[in-house]
Amino acid sequence: MNGSGSGGFLGSFIEYFRSLFRAASALGRAIQTGLTYLFSTSEAKKEITELYPDPVSSRTPDELPTRSRGLLHNDILKCTGCYACSKVCPSDCFKIQTEEGPKPGKLWVSVFEINDAKCLFCGLCVEVCEPGSLVHTRNYEGSSETLEKLRAEFGRGPISREMREKWKRQRELQTEGGFEGQP
Amino acid sequence: MSAPERLSPIQWDLGPFHALLSGVYRLRLSLDGEVIERAEVETGFTTRGVEQILTRQSWRGAIPFLDRIDPDGAVFFEWAYCLAVEQLSALELPRRAHGIRVILGELSRISSHLLSLAKVAKAAGAESAFHLLIRERERVLDLLELLCGARHALGFLLPGGVREDVTEGFLERVQEVCQQILQRIKEYNDLVTYNEAFVRRLSGRGVITKEMVARHRMTGIPARVFDREQDLRWSSSRLGYFGLKPEALESIEAITFPGDVHHRFVIRLHEVSQSAQILQVLSQKLAAGPFLAKGSAQLIVPEGEAEAEVETARGRLAVRVGSQAGRPGPAEIQFSPPSRALFDAVPQYLVGAPLQDLSLLLQSIDLLATEVDR
Amino acid sequence: MSLSALWQQSLQLAATLLVMLPGVYLQAWLDSKLGADLQARVGPSRAGSAGWLQPMADFLRLWQKVRPGSKGEHGSALWWAQGAPLFALLAITPVGAGLPLLTAPMSVLMSLMMAISFAWIGIILSWRSGLVEARLASIRQMALGAAGIFPALLAILQVGFSAQGLSWQKVDQIQGWVPWSWFAFSSPFAFVSAMVFVAAGLLLFSSPPFHLGSEAVRWIVAGFPGEAGIRLIWVRFSQRIAHFCWTLLTVRLFFGGAALPSLLTSSADAGSAPVIALSIALTLLKALTILAGTSILSRTLPSVRADQAHEFSWRVLSPLALLALVLGRLISVGGAP
Amino acid sequence: MKQGWIQSSVSRLFGWAQAHSLRYFPIHMGCCSDELLQAVGCRYDLERFGVLPEVDPVFSDLLIVSGAITTRSAPELKKIYEQMPHPKFVMAIGSCACSGGAFGPEATGASTLAGLSGVVPVDIYVPGCPPRPEAILEGLLRLQDKIEGKKTASRKQGRKQGRIDRLETDEWDLR
């Protein structure tokens, strides 16, 4: 031990043992905090792991906070097909097609496809959706093995000719049948 | 007798994806045996051109892109942008919105500091400290999710205020979590900060001297190690931390080399408890009133240019927003992130360090590559 | 070697292997669960109940690994080179009371030499891989191995002096099965040298907390990318197996080995199966407690830098071992004529 | 030809072993790396599934990629993928890695790629920006089922249930 000169040998000898003792006591304190995790069952020291697949110990989607933004869901009956969401979306993950529907004022949304793989979950579309049909569910389980499965479709499909004739016949039935009273 | 002919220095390039690096950049090292002789940094691997994309967005639509530059400190990028836009459009920000922004800022500062501390502990090999610090961070992320609905890229601020009001029960939760954090800091001091083995592992390494800070104009923790006032929160009036500055907590003792890795670790842990105290004070006296300025729905931004500065967890972030008449969004936006100075300092900072400390040194200055090459 | 002796020896080798592998398995499982508990989390729990099959999954995962483009360019010679000293160490490491493989009076130093040669061969071979990281890490690791050998020698000398000889028989005689009769607790100096021996093992096989960070250890093993199947498993886990054998050595030297109560060993069925099984279980239990202690230590300590490990070994371990040796001799010579 | 009983049980054993002990090499190019660290942490504990981070692609079986794949980093990513020994798997986390998300080629003018599918064969896509740790765990469970060849009926396949099939005439709203 390179003590400073002979006089210092004793000093460095004592200093050596003091640093040894300091190291040992600090090590003891660290292990003691570690061991308290091992043996104590107090709230702070218990394992806090959420065992994910089982719903009891991990948080299922509806236990998440109310504002949590998960995968999108569109209630197609309320959706008026106004394209507001697809205009405002930063990563344009909406694919919407609308057609003339049975009722004159209301559009029939035949294709409403949200590409979850491109979605940013930023909530701009939900903010701008005026009929309030587009909402964030709190569901986060959307992983899949292929990209196609990541596209969620909410559209009502194209209108076929028979459906148009049936609606026309129903409309005539309704006009002669004297229901004119309804607006 | 001529000088002994030296072994030619070993050339070693650590590619963009290497476990020792703290981000996606290339590091060209020339090693003299085990010691790093010279280092060069090459960034630009994650350049996505966010600033060009922002010029095509609306004022409100730019917010999600701002979060994705630095997801952990998403609030700071939004805050700087919103301050600049509010200055341009002369929007009068209600006090409650400002209070919520300060709360969010302190929460993401705590979460960003905890993440950096956890990464330093992991690089030094202290796995238990890593897990315990990440557990603390989970509590803070729960708070952020309770308020903004997202854990990392929050998207909660918008020019003129915040998106929604504080969820009920949020402020009490904030006080409860801050109380827990303050208790836990004491335990981490025993387990990690003043644990002799940890102190020896960290101290004396990666020293950033005062003149290095001045030369590279570093901000954030490396600068606050020398002068605790180097903080925009206390000096800038627009950030509005009036009277929230806690008096200095217990003095920092047992620092062997000022400016080394251990000193930064202690100061960062210290700032976590400082932010926790600020949150406790602020969550009690949050001003009532509206959380959104009146004219923020139909935002009319006159032509012009504005600048704003915010103190993020990594340092000082400045933004310059330019707007043109008739454009629905920012015409031109320019960031200057705090990690820019750190990247410039890396070649000088790594010289003389042994190879085993490489990942520890890189983690201790909390570099973020996605912030620099946006 | 008559046929029956040969048969008996191979039986004992099989029994030793049979004992040692579950020991390593248990140690791997215990290490991950204990470490997880220290970090307020659960640890492996999906492979089998409470994750007891996790080490099995880690072993078998490597069986079918094939590195793209490498047709095993390292060849099998290297694998044997790393395996040979370990087999020798197995042959010498006495596990149970009835199981010292080589009944010849074998010196304790033979086991030490086998352990050292094992630790160093792996490192030298990884130098051939040509990877910059592997070469730098192998120099560092070899120097650390040396730092572990000297204190281990001093500790063994301490045992040798008090047992008046370095053969296993002499070492066994001085230790009974009751804890206070173990050599480690016979005097404070003996306890110090026991701890030094354990720490030297950590240094020699660079197990945590001296594992210098996972990068360095990985680069050592990087020297064997060409391996696949059983050879890859062997290369990956040989260091852990060697460290387990070192702990068996520690138990035999300092903590009473497989000594059993006299009424059992002196009775007629001394060599019968239950007695041997009991002695093996006793040895394993002691080895696992020591390894549990080191794994708790490694979880609370940061990974130690190489120069710090050197400083720890040359400025703390060796002086302490020397001090314990000298003072132990002075007192015992002075005390008992 | 149909595998013999022994071969199929041996391959099932190796499938089980590979599924329950994955070493992943993380590629942190974007935001989801913070969420991956949270998943490694003690609340979601990836080690419970036998999944541990690895420092070198030579020793890892799973490549977890997060963040936008830029044209400059794609060849480096390919190099990393080629160093990994077979059998190897790739998991794309976050919308940037799945499909380019907001930073796809159409937004950044071809300086990034449309997700990972062009660069390396991907086994599992985990949507989210960034996905919650539970979503990453769910992706991992699905990957483990895929490795073992098990059907994942237990977990929902994509989100087909959102689609309301075409309504016939009873939807005619007379009011």
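We just call them A, B, C and D in the order they show up, numbering each chain from 1.
Everything that follows uses one rule, which is that contacts are C-beta pairs under 8 Å (C-beta built on N, C-alpha and C of every residue); 3 or more make two chains touch, one makes a residue touch a chain.
Remember, predicted model here, so these are calculated numbers, not experimental data.
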| item | value |
| --- | --- |
| Chain pair, A-B or A-D, that carries the greater number of C-beta contacts | A-D |
| Euclidean distance of C-alpha centroids - chain A vs chain B, Å | 25 |
| Whole-Å separation of chain centres (CA-atom averages), chain A against chain D | 16 |
| Averaged-CA centre spacing for the pair chain C and chain B, given as whole angstrom | 45 |
| Chain A and chain C, separation of their C-alpha mean positions in angstrom | 49 |
| Interface hub residues of chain D, defined as touching at least two other chains | 41-43, 45, 48, 54-56, 102, 107, 129, 132 |
| Set of chain A residues in contact with two or more other chains | 27, 30, 33-34, 37, 47-49, 51, 90, 120-122 |
| Numbers and ranges of chain C residues touching at least 2 other chains | 36, 38-42, 45, 215, 299-301 |
| Pairwise touch network: line, ring, star, complete, or other | complete |
| List of chain C residues in touch with chain D within their complex | 32, 36, 39-47, 51, 53-54, 56-61, 63-68, 214-215, 218-219, 221-222, 225, 228 |
| Chain A-touching residues of chain C, taken from the complex the two chains share | 34, 36-42, 45, 296-297, 299-301, 315-316 |
| Chain B - residues contacting chain C, complex | 10, 12, 19-20, 31, 34, 121, 123-128, 130-132, 135, 191, 195, 197-198, 200-201, 354-357, 359 |
| Complex contacts: residues of chain D adjacent to chain C | 13-14, 16-22, 41-43, 45, 47-50, 54-56, 58-59, 61, 82-87 |
| Residues on chain B engaged by chain D in the complex (per definition of touch) | 15-17, 19-20, 23-24, 44-50, 52-53, 64-65, 67-68, 71-72, 115, 118-119, 130-132, 134-135, 137-138, 141, 151-153, 370 |
